[in-house]
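So, here come the structures, one by one.
Heads up, the next two complexes both have chain A, just with different partners, chain B and then chain C.
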Partner chain A sequence: MSTLTALAQLEALATGRAQPVATVRHCHLSEKPLVMIPLKLAGEAAAPLATMLGTDRDAPELLVVPQPRNRDLRFAYAAELAKAVLAHVEAERGATETLEPSKDGEERFRYERAPQIVVPNRGGVGFLRLLGRSTRFRSTEGPWAVDPAVPMLGRWLTWYADRNDRPGSSLLLTLTETLRLHWATGQSSLEDGNLGALMGWIDPPDGMDGPSAAARAEDPVACPPAGPTTDPTFDNEVLAPAIAAYDESGGAPRAEERVRAAVASQLRPTWDLAWRALDLLRALPEGASVPRRWERDRDSFTYFHREFAENPPQAKLDDAVRAARRLHDLERSQESYEAQRAFDDPLVMAEQRLAGQAFGGVVTAADPTRLDESGKRPKLRPHLWIRTEDPVRLDEGATVVNAARPGLKGRIVEIDGGDVLLELTGGMGRKLTPEAGVVPEPGLEVVFTSRTSDSWGAAKFPERDDTPWTHGGPPAEYEPADEDATEVWS
Partner chain B sequence: MTAISESGAAVGNPGAEADRVVEAVLADLARDHRGVVVDSPPGAGKSTLVVRAAAHLAAAGERLMIVAQTNEQVDDLIDRIAGDHPDLAIGRLSAAGYAASERVTAHASVRVAQKADDIADRTVVIATAAKWATLTDGSWPWAIVDEAYQMRSDMLLRIAGRFERALFVGDPGQLDPFSTVEVERWAGLSWDPMRSAVSVLLAHNPELPVHRLPVSWRLPASAAPVVSRAFYPFTGFRSGTGPQDRRLELSTGGMGTSYDRAVEEAAATGWGLYELPARHTLRTDAEAVQATAALAVRMLQRGPVAHSERGENPVGADRIAVGAAHRDQVAAIRAALGPHAAEITVDTANRLQGREYDVTVVLHPLSGRRDATAFHLESGRLCVLASRHRHACLVVARAGIPELLDAHPSAEPVRLGVPVKFPDGWEANQAVLAHLADHRVRADT
Partner chain C sequence: MSRDDEHTATDLSHLRGGEAPRNHDARTIAALTANPGCARRGVMDAAAVDKDAVARHLGFGAPFGQSQFAITRGNAFEAQVKADGCAELLALLRDRLGLDVPEVAYDDLESVGTESREVRHARTRHLMARALETGAGTLFDHPLLRLDIAGQRAYLEPDVIAFQLGGRFHVVEVKSFAVVDGQAEPEQVAAAARQSAVYVLALRELVEGLGHDPERVSHEVFLVCPENFSNRPTATPLDVRPQLAVVKRQLARLTRAEDIARRLPEGLTFALDEGLPEAVRAVEARYAPECMASCEMALFCRDEARACGATGTLGRNVRDELGGVDSVVTALELARGVREPSEDMAETAEQLRIAARLRREALGSGGERSAEQPLVGAQAPRGATDVLERTA
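Presenting the complex of A and B:
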């Protein structure tokens, strides 16, 4: 935990209200996100009980499995859910932009929009991932055929869960994590995982403060859990009798209605809470780098959508090459996400400055036309002296970039107490004199940081068929089989 | 004939014992194995083995690539190989921004290049793993991978196409490779990219021979059994020197302060624990930082002289190092050292890996903490900090760490298919603290 976050938490505790730790919104919010609140049956790993979902806060759709242990009912539910998710995917695609062709002349496209899903917490993502895993290999023909939409749902949910792993992606948002990125509360991070308590600190109801609103959120009657697990008392007192009655009635509509009403009572408060949380986030101005990251999300969506028909379901496990590639992509995303957030937001940059990874101050002198003539050809290498009061913990020779203009790169030549001498190395144009206004003038406030968004380029990996002997050699191909469909869904 | 002592360690001639292992490694290179793994405890002659193996393979007429993890390590290896074998043609592959250090340019047999084609004729080509990973073609019959336990397996995946057979050398007790992202999806897979190169290699090729260097030439007789028991519980090693072979003498008298007593304890026994009163503190605990810096300076002021198999040598500031867990602690200690900061090495455990000093002063990673996270419990971190010295190690800590450990038993989730890691950081920390308790000097209050 950083010093600033700790300070904000102490202030939150002292004032009884959550304190902001960001000045802008660091995630994309679509105009019409699909809010999904899944519930699962207690005691089962991935037996769906119900999902409340929709893009209209006044008209949530409720899908329920009246007897979650019945396999046929589960698949009927999965088919219903699939229709809702696939409809969202098609509705939120927008027009197709044609981009400049790639280097090897391939045509490139990008959808103008992308379908965003919002779930209350991390548990929701885990549940969707499991639901995707249990449905994407189902066969639509043969002895255990399911509705064709079911395996499609599985593939989309798997894709969403994978995107959620990626730092900076906004396609599948979890509300608790997103809120925590922008506010600090006076409770522990474990308690922040409860959407009701977290919202209580950020936006307590009238007449209440953070601690009392959070305490109220701990009462499962007043504020049912945000899923996917349900309240045990509700399970025992309300749900179990309702499901038993459904079984006894042989599936009568009235008995089904009783189960629906029971789970609706658990879901509706979280549904309202989720939309209020979205309102709070929407009120924040969007960070400058958010559109660029959303572009990457749209690229991923466009690619997945266009190749959907051709590709098989995602593999059960990553093979060695895919795992290494994915880790590399994730680490690069992480690095640029953290750097971009600091560029966008002075409060995030302040954390880097406190940690000594960045420094800010006033330019005391500048030599904007200095040339380095030691090589074959002279190079433009302006010098910049900066007076800072930050605790700089960077080594001489470290590469830094200007926070206001990340293209402007430099190298630390010397740190002498609070005076830093920088040699600018790039981002000033191609000539031997810098472009106007690029090199900061004396008297100007500047911030330079060592956390850059592109310190390492894309890496090269062997092809899957060239997996080396150290990693077990090339893996076997996956062959779909009827038996896959008999896999237990629990 | 090798006698076995009570502790189970062999008490034959350590030099002969180590030679036998090295001979066995070199003999295995001639057999039909695709890979050979050599585990090396701290200061067991890993670099010497790499130099010998490189010369051995070159003498057999093989072209050879050497993979190290950092530019610093590459330059060290070049210096040693070129120094011992000036007739060997060496190529150093480097990135564009690299400026060759003096250790490299001093050798006429070394050529530096950015492209592999420019040094294709060289018998031995050395580069960092990151640089090797940029190559897409070319193949060497042999590779030596140095510090292989520090390399992540995804890096091995990227460079494994460049060689046919390889010798992997490294220290399994040091810090594991890490990632900036937390992902669980590969836990339990034998090719998990976050695991170390050696563990993935052995998971897929369990038949490869694994050798262990049995003797630490760096650690004194006072330290080898402690480090061995705490961090290498199943693959112990011994010190190459006996209890009488190393001695640290203080040439000036002290003033009887607790600093002096801690320095004297460390000089006399090889270990010292300078204990501050229990308290929960910020990471850059001002008192602990002050004490760490003051102990290093006091050690220097007492004019220590090291007596060892290398003869009698005064211990200068360049032979003293200060280690800590976090970079902000390092910065604070440097500031507290004042003018001495220019001479005394102060660094994090990560950066002290592979380095050797006469005396070390260590700020204990758990000092003043309220909790014991996986980062602070990682056995490799403490192992690095407690195994850099030839003569004495002084640990600075707040009281109450054993109690803190008791309050935080290991609670990491157990995953299917993930090999259990030994030693457990919790256990290793307790073992070291239990030993240090006998060398405790409480701070003056």
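Presenting the complex of A and C:
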């Protein structure tokens, strides 16, 4: 939250329409994302009720558990869902690129594409994570055997939920959060959590403005909730009688059809909304560093896919080394994601300027061929005078980089009111005269920021087998346990 | 239902206008501490007004409906834990937490028939007094507790068990949200901890009133939840000292309901008649989006706050960011520089003006820039960027 976003929200209120807080799209969008809208049974941790899913907006697939408390029906649903997700994974892999071998000579590959999943909101991610947890340890043989696809689904869903935790990853997108990254509405973040209300502000139907569209979306009859929790009134008045009838009929197809029709009526509006949200996002130009972040996603996918057969299911809790590495990765991704977004988008960079960590203005004078001859060898150190209206909160001597070409580096020599004197220190070529067009000329608008994307490198962590005794020593190997296979899923 | 306690300093029951009083429960008290500055809520709660009925009458019924699936599941789980004199609960405390629990008596203090709250509370006091003297192992289910809230005595009907072990009472709270691999939804755990803290506080007051050390009520409560995806219960000890401190502080700071009530127009009541909207508006509210999770009046107050263009409807963080500027129009005028800021708003006004300029610049030039000149080197040929990075 910054004053900029707050102001955008005020403008949204004043105009009755959502206002942009980004000028480019900061996430990757695949040509064929798998849209999934899961519903669960109220009051249960992860009892699936239904999921509408598919890659074709005109042909959604509907998976339903007509009696959500029935274990067999639940596993049948999990097997169906598994087939759909695994088919998506295989279809969206693309060809294998061979990359330059790593430093220690290991072969490296990367799939050309990666399977993207889109869910409406954070609750959807939470549900998929729990569904992953409740299915990945299931045994495919013995007395409690389940369809072999079920534990595979569990492992994929766990991986997706984990990728969603990583700042900048686009493998599992939540629509409410992604939309909020690009638009500010005239309502609070609580109300923005309702996909219908959020979309109402961004793209109200004809003849409506943001507030009226959002108000309509808060009526669960006009606009059923986007899940995974269902509307309590729907539960009590429609779903419960339909499920009871299904039980009474002994599972008759007509009774099952009634349950399916009931949940379809709750899912279809969100399904259409989800695709409209994707249209809006797709219409934005892609941010310049999005492909680079998607490359990291593809790397992660490639690795997970290629090692899938050899690896056991993900642990219930991370061991010490894994947890430390994960935390380190999350922090680094967060930092570079924030920096990259600012470089990609002047509206995000404006946040840094408002905070005084960056400044922008017009070059008033330049000495592009200035040499520093105080050392043994002369060094190219051009001077640049910039007039800014920004509230610069940087010290003299601070290192900054150019927002339009992050390679161009400089050091603040002096700040005198709105005039900043900058000494450029790098990014101008190897000679004693700068490469053409690199040093900004007087009259040009420039932005320099003190925040760079890769300010700290990757840390080294011990191998799993070398976990120090302070952290409990090497963790035990995974052994499939009966307890896991038989775990109640009620 | 009978009248409020006769010892109440100022009786606010007339504000109900003849409607039946609503008892407090953990949710309403924990929620009270979430928005202590709200006079409307303070008065209505102190007078035990049925806010749900009021909101409904105003046409802003609260969306607090519960799915019958959730209710069934919750009840079934609670019944299972408490069956046979809480056999399963005791086994859990012994085996899972390794407590040395001796034979325990189980008393359900749930209301029988039309007993008044005073009678029920007296029974709770009586049984507690006996248990405190003997120190014997005891489980009290549904004790009726009392707590002073904003100068008013409120009754608490907790769905909770007071459990005495080794001369100390512990609060046991049964919740039906799942604990998966030792982790549960943080918001739900936080809410449970806040509620338990209220119970600990009320129990402590009761114990102190009986002439015992209030510390005989432990700050360690036991949360009983279904484990993983099953119906099997698991118990987790929870230290609620931080929540206790918050609840105590907030209760002490609560705008005193009687002070507010004194300033209300003569003869004002919240009776469900045509005068209701005016009566409700006569008491000032302080709406924040958090109210939606805890107060039946939230939709009405939100509508009211939106109609008068309050920045608070956008959330506390937005309001804070605006340095306490309450009005949307004022904030926008400050941003556009068409309103002279007062001294205390000068800093916020400056921030807003810069923010407005930066937004204008970024949005005005955004389109052109992406067309003509890439914002970042990455769109330029790869080699060019590399030169820049190599020589850096």
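Criterion: the second predicted complex is superposed on the first by the 465 of 490 C-alpha atoms of A that agree within 3 Å, B and C clash if a C-alpha of one lies under 4 Å from a C-alpha of the other, contacts with A are read in each partner's own complex, and residues count from 1 in each chain.
As a convention for this text, a contact is a pair of C-beta atoms (placed from the backbone, for glycine too) under 8 Å apart; a residue touches a chain by one contact, two chains touch by 3 or more.
None of the values given here were measured: they were computed from a predicted structure.
Student: First (chain B), second (chain C), both or neither: which does A:A459 touch?
Tutor: A:A459: touches chain B, not chain C.
Student: Once the structures are superposed on A, label A:E335 by its partner contacts, choosing first (chain B), second (chain C), both or neither.
Tutor: A:E335 contacts chain B only, not chain C.
Student: Where does A:L317 make contact in the superposed view: on chain B (first), on chain C (second), on both, or on neither?
Tutor: both
Student: Let me test your reading of the model: by the given contact rule, A:T470 touches which partner, first (chain B), second (chain C), both or neither?
Tutor: In the superposition, A:T470 touches chain B alone.
Student: Is A:E191 contacted by the first partner chain B, the second partner chain C, both or neither?
Tutor: In the superposition, A:E191 contacts chain C only.
Student: Given the touch rule stated above, what does A:E487 touch, chain B (first), chain C (second), both, or neither?
Tutor: Second partner only.
Student: Have a look at where A:P167 lands relative to chain B and chain C in the superposition and call it first, second, both or neither.
Tutor: In the superposition, A:P167 touches chain B alone.
Student: Looking at the overlay, what does A:P391 touch: chain B (first), chain C (second), both, or neither?
Tutor: both
Student: When the two structures are overlaid on chain A, which partner does A:L327 contact: first (chain B), second (chain C), both, or neither?
Tutor: first
Student: Looking at chain A, does chain C or chain B touch more of its residues?
Tutor: Looking at chain A, the partner in contact with more of its residues is C.
Student: Is there a shared patch on chain A that both chain B and chain C touch, and which residues make it up?
Tutor: Chain A residues touching both partners: 317, 391.
Student: Could you pull out which chain A residues touch chain B in their complex?
Tutor: 165, 167, 317-321, 323-324, 327-328, 330-331, 334-335, 355-356, 391, 393, 459-462, 466-472
Student: If we count contacts the way the header does, which residues on chain A are in touch with chain C in the complex?
Tutor: 1-11, 13-14, 20, 23-24, 41-47, 126, 130, 133-134, 186-191, 211, 220, 230, 232-233, 235-236, 240, 285, 288-289, 291-292, 316-317, 343-347, 349-350, 353-354, 360, 389-391, 403-409, 426-430, 435, 438, 487-490
Student: Touching residues of chain B toward chain A in the complex: what are they?
Tutor: Against chain A, chain B makes touches at 34-35, 133-134, 136, 153-154, 156-158, 160-161, 179-181, 183, 185-186, 189-194, 197, 200-201, 204-205, 327-328, 331.
Student: Can you tell me which positions in chain C touch chain A when the two form their complex?
Tutor: 63, 65-74, 176-178, 180-182, 185, 226, 228-232, 289-290, 292, 306, 309, 311, 313-315, 317-318, 321-322, 328, 331-332, 335, 350-352, 354-359, 361-363, 365-367, 369-370, 373-380, 385, 387-389, 391-392
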